[in-house]
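A quick write-up on the structure given underneath.
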Amino acid sequence: MSSVPASAFLALALILFCIGLYGALTKRNTVIVLISIELMLNAVNINLVTFSKYGLSPSIDGQIFALFAMAVAAAEAAVGLAILMALYRNKKTVHIDEMNEMKH
Amino acid sequence: MNLHAVLSLLVFSPLVGIIVLAILPKSQEIAIKAVGFLATLPPLALSLAVYAHYLAGKSLSDFSVSVPWIQFRGLQPDEPAYAVNYELAISGFQLLLVVLTSVVSTLAALGACRFIKKEWKGYFMLFLLLVTGMLGLFTAENMVLFFIFFEVTLIPTFFLIGKWGYFEKEKAAFSFLIYNGFGSAVLLIVIMILLAKTGTTNIVMLKEIIADPSVGLSADFKLGLFIALLIAFGVKLPIFPLHSWMLRVHVQAPPSVVMIHSGILLKIGAYGLIRFGMGIFPDQFKQLAVLLAILGVINLLYGAFLAFIQTDFKMVLAYSSISHMGIVLMGLAAMNEAGIQGAIFQVVSHGLISALLFFLVGVLYERTETSLIGNLGGLAKGMPLTAGFLLAAAMASLGLPGMSGFVSEFMAFLGLFKVEPWIAAVGSIGIIMTAVYLLRAVLGMTFGKAFRDFDGVLDLRGLELVPVLVLMLLIVLIGVYPSVLSSPLQATLETIMLGLGG
Amino acid sequence: MVNLTKLYAVGGQITRIVHEWCLTPIDTHLKRGFDKMENAWLIPLFPLLSFLLLLLIGKRLKEASAYVGILMTLASLVFSILVLLERFSEPTYLYRFDWLTIGEMHLTAGFEVNQLNALMLFIVSLVSFLVHTYSKGYMHGDERFHVFYAYLGLFTFAMLGLVISPNILQTYIFWELVGLGSFLLIGFYYYKEEAKAAAKKAFIMTRIGDVGLLIGMILLFWQTNSFEYSEIFKAVEAGAISNTMITLTAILIFIGAIGKSGQFPLHTWLPDAMEGPTPVSALIHAATMVAAGVYLVAALFPLFLASKTALMTVAVIGGFTAIFAASIGLVQTDIKRVLAYSTVSQLGYMMLALGSAGYVAGVFHLMTHAFFKALLFLAAGSVIHAVHTQNIEEMGGLWKKLKFTAPLFLIGTLAISGVPGLSGFFSKDEILVAAWEGGHPVLFLLALIAAFMTAFYMFRLFFMVFTGENRGKQTHVHESPSTMTLPMLLLGILAVVAGYVNTPWFGSFLGDWLTDGNPVLGHGHIEGPAWIMAAATIVSLAGILLAYLIYGKRSIAPDWLSGKGDMLHTVLYNKYYIDEFYQMTVVAFVTGFSYLLRFIDVFIVEGIIKGVTGIIQGLGKLGSKMQTGQVQTYGAVAFVGLAVLVVIYALTGGYLR
Amino acid sequence: MSLESFQQLNWSIMTPEFLILGVIAILVLMDLFMPKHMDRKMIGWIGIVAILAAMVATASMVGGPVESILHDTFRIDSFALAFKLLLLGGGALVLFLAVSYEPKDGVERYQAEFYYLFMTALLGAMLMTSSGDLITLYIGLELLSIPSYILAGIRKFHSQSNESAMKYVINGSISSAITLFGMSYVYGLTGTTNLLDMASKLATLSDSNHVYLLTLAFLMIVVGLGFKLAAAPFHMWAPDVYQGAPTPVTAFLSVVSKTAGFVIVIRILLTVFGFAATDGQGSIPILYNMQNYLAVIAAATMIIGNVVALKQTDIKRLFAYSSIAHAGYLLVAFTALTPNMFYSIWFYLLAYLLMNLGAFAIIQVVTEKAGSTKITEFAGLYRRSPVLAVSMGILLISLAGFPGTAGFIGKLNIFLGALYAEPGHYLLASIMIAATVVSYFYYFGIMTQIFFRPAADNSKFNIPFGIVVVLLVAVVGSVLFGILPNIAFDFLQNNLDIIADFFK
């Protein structure tokens, strides 16, 4: 394992983050958007865990942070989906580009 | 009586009227008007008392008051706070403006009883707030306080124009607000820079600090500040090309508001230029004196020529105000006693004259529902008194000797001819043009064939005569016996000249 | 709060004078012979009082207002006579006090009784008194009778104030007030469009001149640090002012005189001013105000003397105006306009005299002219009063009907024509001598021709009005009441005898007195060759003869002139198209320029503002448009924002550096 | 850490948080067990009492020493107290609005949730003020955000409310992901999540790669938190969310949430990046190095907020832009980075809290009655209710920054900070003031509606008690702090020495 350099993890995290961001900004389906956001948060978790192990001064804090981040991400996703359901009831759509009642 | 409280009383006494008005029910029309008018009397009485105090040979500095007020924190925790005190004081120059303000306010309140047709309660509350603002800014001794009172005048004026004005009132109100807001914004930057760099906004202290070369403010920096001040007050004065808001206000605002606006509020520009521009930045003023003189002449001629082709008498008067403020600038640009005194005279004189003119316009409009020159004519028959006073006021405005306009104009030109004879000579065309446009307008309305039958139209009567007569008397008094103005001014003048270096 | 004495101090010197004067026991006043000269300041105050009184209660007094005016001017007249008499024996009296303090400078006001002033006081108050009396009859029945008298009072006040001013600033002040009086009276018939236009024109044209005076006066002030005549003369004498400056200021001041005295090229307002009531024309536009220009040059004579160029300018303008106006007068058909052009011409004469260093001649002619021209106007007024027209084509044969007016008019005509023995003869002779001796042969010749023309057109007027057949429609022509004829009579007498105060035959009393103590003003009498007097007599008689032949005897057809030179006649009749010229140039320029400025105001000044607000509004609109409601767009914009920040950082301060 | 030592910690410094937390728990249970038909307003009132009690508890700690527990994850310093007071005050006022909120298809069914979700969010904000650790800061932030998402969508059958919540969730989550990503790098470079430890470690940073990475992290954190502040160009969610959310929630977002945003910005940026060296010890810190970036964001925020507000026809949208603009002003104060910053930001937030909540109180009354949020609904308000009209007038004047109101003094304070810094931020101050002038257009545009235009219907309002309280506090406070600002200045200066405490 030690053969894998820290920078690879970081690059992975960055790529994941970017994929997540791309998904969040382009996908029409709100569920996918929410999942993309999870992806971004998970990229952060990879970062945190990487730093916790291979950082300049490794410490356990990063892993704890990652745990918290996961919990929060779960809550966020739950709330997001709940709101999406309410929205779906009213509008009968999960397409994010149709949520443009308020603009200008 | 504790003399230190006098100025505060003077400034804030109209607020009592506001409180009383707030309690009065809307339906009590007469009581509301009475309170609105009466509330302007305490400042009038107090300002006259202060003038009497001066006449009795006592020092005006007896009235100065300074109380700690706001302490902004310094840059470092241990640094002394940037203190802004509640400081009021009065000098001869300020005294004149305070008296002018209180007189015109009282008369404008009288005028309002006649000209305002609805919602007197709101009108008078705002009006009294405006009066407080004006009195405050003429007595404020530091720039922050000045600025506060300055802005206090903006809001009531906005509402007074926007609610009680004529057809395009809202546009005029916004025009007023945005231009003046812009001007005050520039002013605020200057004030805050001064506060930040010097730690004070007290005018006297600032004067010393700015003059002190050891304080690290570069000449360019000071020049920049001065130019900003010039722009700020240039909007108010107004200096070409910052004038277009003022035309709209003059035409759209109700007459009693224009009396105040043209009579007092425009004078804030001149006051600011003299008090702050000349007072704090004398060297920079000197640097730009020629430019100012040219601007003054441009104002004078620009206003005069444009007034010549207006069809609405209010527009004529509006452009005439621009033109007359040009004389103020010219006088200041002369930077000698004659010019500055002329400018100050012009400030007071134009205040009285334009208040009178706009009162008369108000009467005319009320009776005939027009102020278009083409729709009037031959008024001297139906309204001989109105026509007569209109003519007299026009004469005062065009600088007929024996009235205040002449003394002011004369001194301003006297001053400018000493330093910039050529610019002054060009400006003297304005003297002719003033006569041309005013006579064209006034004779067009009062002389000649009547456009329609004015037989049923009522002339000036009853209480309406009071403002007219009072203003006329003051105009003639200043014209015949200018020492009423010049003697309180001497001390101020000396200070300014000292600042200018002799 | 303020004690009384303090108030007095504030009230200043005026209060104190009144105060002291009132407190002085009455017998002291009497003992001191009423201190006539010291109290000369009261002279203008009487008419002022009349003005104020009539303003306040005139409406109630109605026609009784006349008595107020007459009484007050009578008081002025009596005082003026007393002052004049005292001045014959006593030196100049000067009083002044601080009027306005400007820093270190103290501008004063006050009054001065020197020879010229005393004489002017007398002339003005006399004519004013007579006109006041005359007007009672002339203005009878006018609904604004009291206003007329009030205005007359204002004017008289201003005119009297003007002639006792000890400094040029005060002169200027009253100078303008005189203009106001003139303006008000010209526009007295405010409902007439012509009157309105004439009043406006008069005010503006004279104001153009006034600006010259103002500038000249201010420049002079900065040269001498004083407005006082005496200080100015001192400085001039001491050579403290450069020659260019003297010339410049003198000419500028002369521009003021040009405006007021209707000299070319600012003369056009004066004939138009005839729209005012005739007594006004007599008082203001013949005898007093228009002479103020001459008075001004006379009062500042030492200044003018110090500059050859300035003097020359005065002489040339005067000489040219004399003949120019006379030529227009030849063909006018309005009785008052003929007189008006005659006035312009005669004022030109006076200027010519002054410009030729003939101080006495100028002032002398000013005096005689005041009498006979006032007489002529009043008589013309009487004629108009009788026939209700001003067109001489519609008059004729009035000699029999106006038994009293006609001879008086004849006396005036003779006097102005320079027929020997009458006042005009002596003064005109003085002027011709002055012009000749002053070394202006061309101007002399012009003056001579003008004298011929004067005689011609005045007698043309006389013959057309009073002889021949009545060409008008009026049947009930009757003589004017005695309030009108008596003043005319008095003026008639003066028109005859006034010349004898200064003649080559009986001594130059006036001249000697005027120049007494002021050698710089020249001699009381300038000796000239005897042929000048003969020539003057001959030209005037020739003019009368020609007029008689054409209009009296009608041996030469009246259209002799117009028939021969149709063009010339048209040009003259249309006053050389000067008005039209001004209309096309000055007025057109001012209007055009104003419209140009309006264009700038509307499109450029407002345009820039509109542009700025437009940009702001446009930005707002754009920002609002970008708000599409698409949440992903928002995120994208934010991401772009982040990317931009990162890129900028990378490029400027970061990794890639 | 043993249990004893755990117990011996000074838990009393968390009294306000415990109070709120406890009451939330009680309220949840009450809601559960209360009969369905019973009016749940009582829950709201209890919440208000709890918040006020928490305020008292917080106030009682004022003047005390800096204390921290749990390895600085919770600390009480002057900064925390000062801003906690603001948050609690704002929270209480928002609850007053909430208990008076009765729109047509409203929140009756979830009324109780409505109240305690507010309190939960408030608890998150409070935690943020007292956090000295990245983890707790993040938790606080999310504790604030997640209930806010729900609150925005609490009108379940109102499609705008739903949409608003959805947009908020998506944008909020993205922003927190970005923030977190930035935070992870900071953690990576220091190996600790304690802010003060981070600061001391970074103070000697000299490797340019690390500096670069840290600056990137800085930018990401700024951008992420920029969402919370609604700073341009990360502001675009705000108008939509503000418009759709129930009015008390909008008020909460624009005041409490924004205040909390500034709290976290100051905490993280100042503590960490204020010391993070760019080139070894003693070199210029990253935060100062990046001042211009902050200035650009501040300028853009002010300009965009004010300019786009000109075109709005919906009152809540307009206030969204207005609140964006105000965030810009506050950023100016932050950009100046003078020690005065705390005071000017605190005072401005206080003023902003008063005037904005007051304005929202009136907006709530008017729009609720009209059933529409168009600005034209304000037409003729002066005729219909002079009291509301004049109050709104005063509050708008304060928002526009005219003298005599707290808004003016707040701006003055910010100016002073921007100008006496060396070198002075003249351009930024000029932009700020120019933007203020632009804002006159729309603030006075509302006034035009209120005072100049005739009313469509002349029905009167009855103003609920909660609104009266908010208005009274807002108007009196705005004017009082406008005329005698030294009351607030002195309070802060004499009791709360933020600068001294902040880095202890």
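As written, the chain order gives the labels A, B, C and D, with residue 1 at the start of each chain.
We take it that contacts are C-beta pairs under 8 Å (C-beta built on N, C-alpha and C of every residue); 3 or more make two chains touch, one makes a residue touch a chain.
Listed by chain with UniProt protein names: A = NADH-quinone oxidoreductase subunit K; B = NADH-quinone oxidoreductase subunit M; D = NADH-quinone oxidoreductase subunit N.
Small disclaimer: the values here were computed from a predicted structure and weren't measured.
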| item | value |
| --- | --- |
| Comparison of B-C and C-D by number of C-beta pairs in contact, larger one | B-C |
| Most central chain, judged by mean C-alpha position against the global CA mean | B |
| Distance-maximising chain from subunit B - centres being C-alpha averages | A |
| Geometric centre distance via CA averages, subunit C-subunit B, whole Å | 36 |
| Inter-centroid spacing, subunit D versus subunit C (mean Cα positions, whole Å) | 78 |
| Whole-Å separation of chain centres (CA-atom averages), subunit B against subunit D | 43 |
| Whole-Å gap separating subunit A and subunit D, where each centre is the average of the chain's CA atoms | 25 |
| Two or more partner chains touched - positions in subunit D | 166-167, 170, 174, 178, 239-240, 311 |
| Residues of subunit B touching at least two other chains | none |
| Shared-contact residues (touching 2 or more other chains) in subunit A | 21, 24, 33, 96, 99, 101-104 |
| Which chain pairs touch, all of them | A-C, A-D, B-C, B-D, C-D |
| Of all residues in subunit A, those that touch subunit C in their complex | 21, 24-26, 33, 96-97, 99-104 |
| Footprint of subunit C on subunit D - complex, ascending | 166-167, 170-171, 174-175, 178, 208-209, 212, 215-216, 219-220, 222-223, 226-227, 232-234, 236-237, 239-240, 289-290, 293, 303-304, 307-312, 438 |
| Residues of subunit C that touch subunit A when the two form their complex | 624-625, 627-632, 635-636, 639 |
| Residues of subunit C defined as touching subunit D within the complex | 616-617, 619-621, 623-624, 626-627, 629, 631-635, 637-638, 640-642, 645-646, 648-649, 653-655 |
| Interface residues, subunit B side, partner subunit D - complex | 69-77, 82, 144, 147-149, 151-152, 154-155, 158-159, 162-163, 169-170, 173-174, 177-178, 181-182, 185-186, 188-189, 192-193, 195-197 |
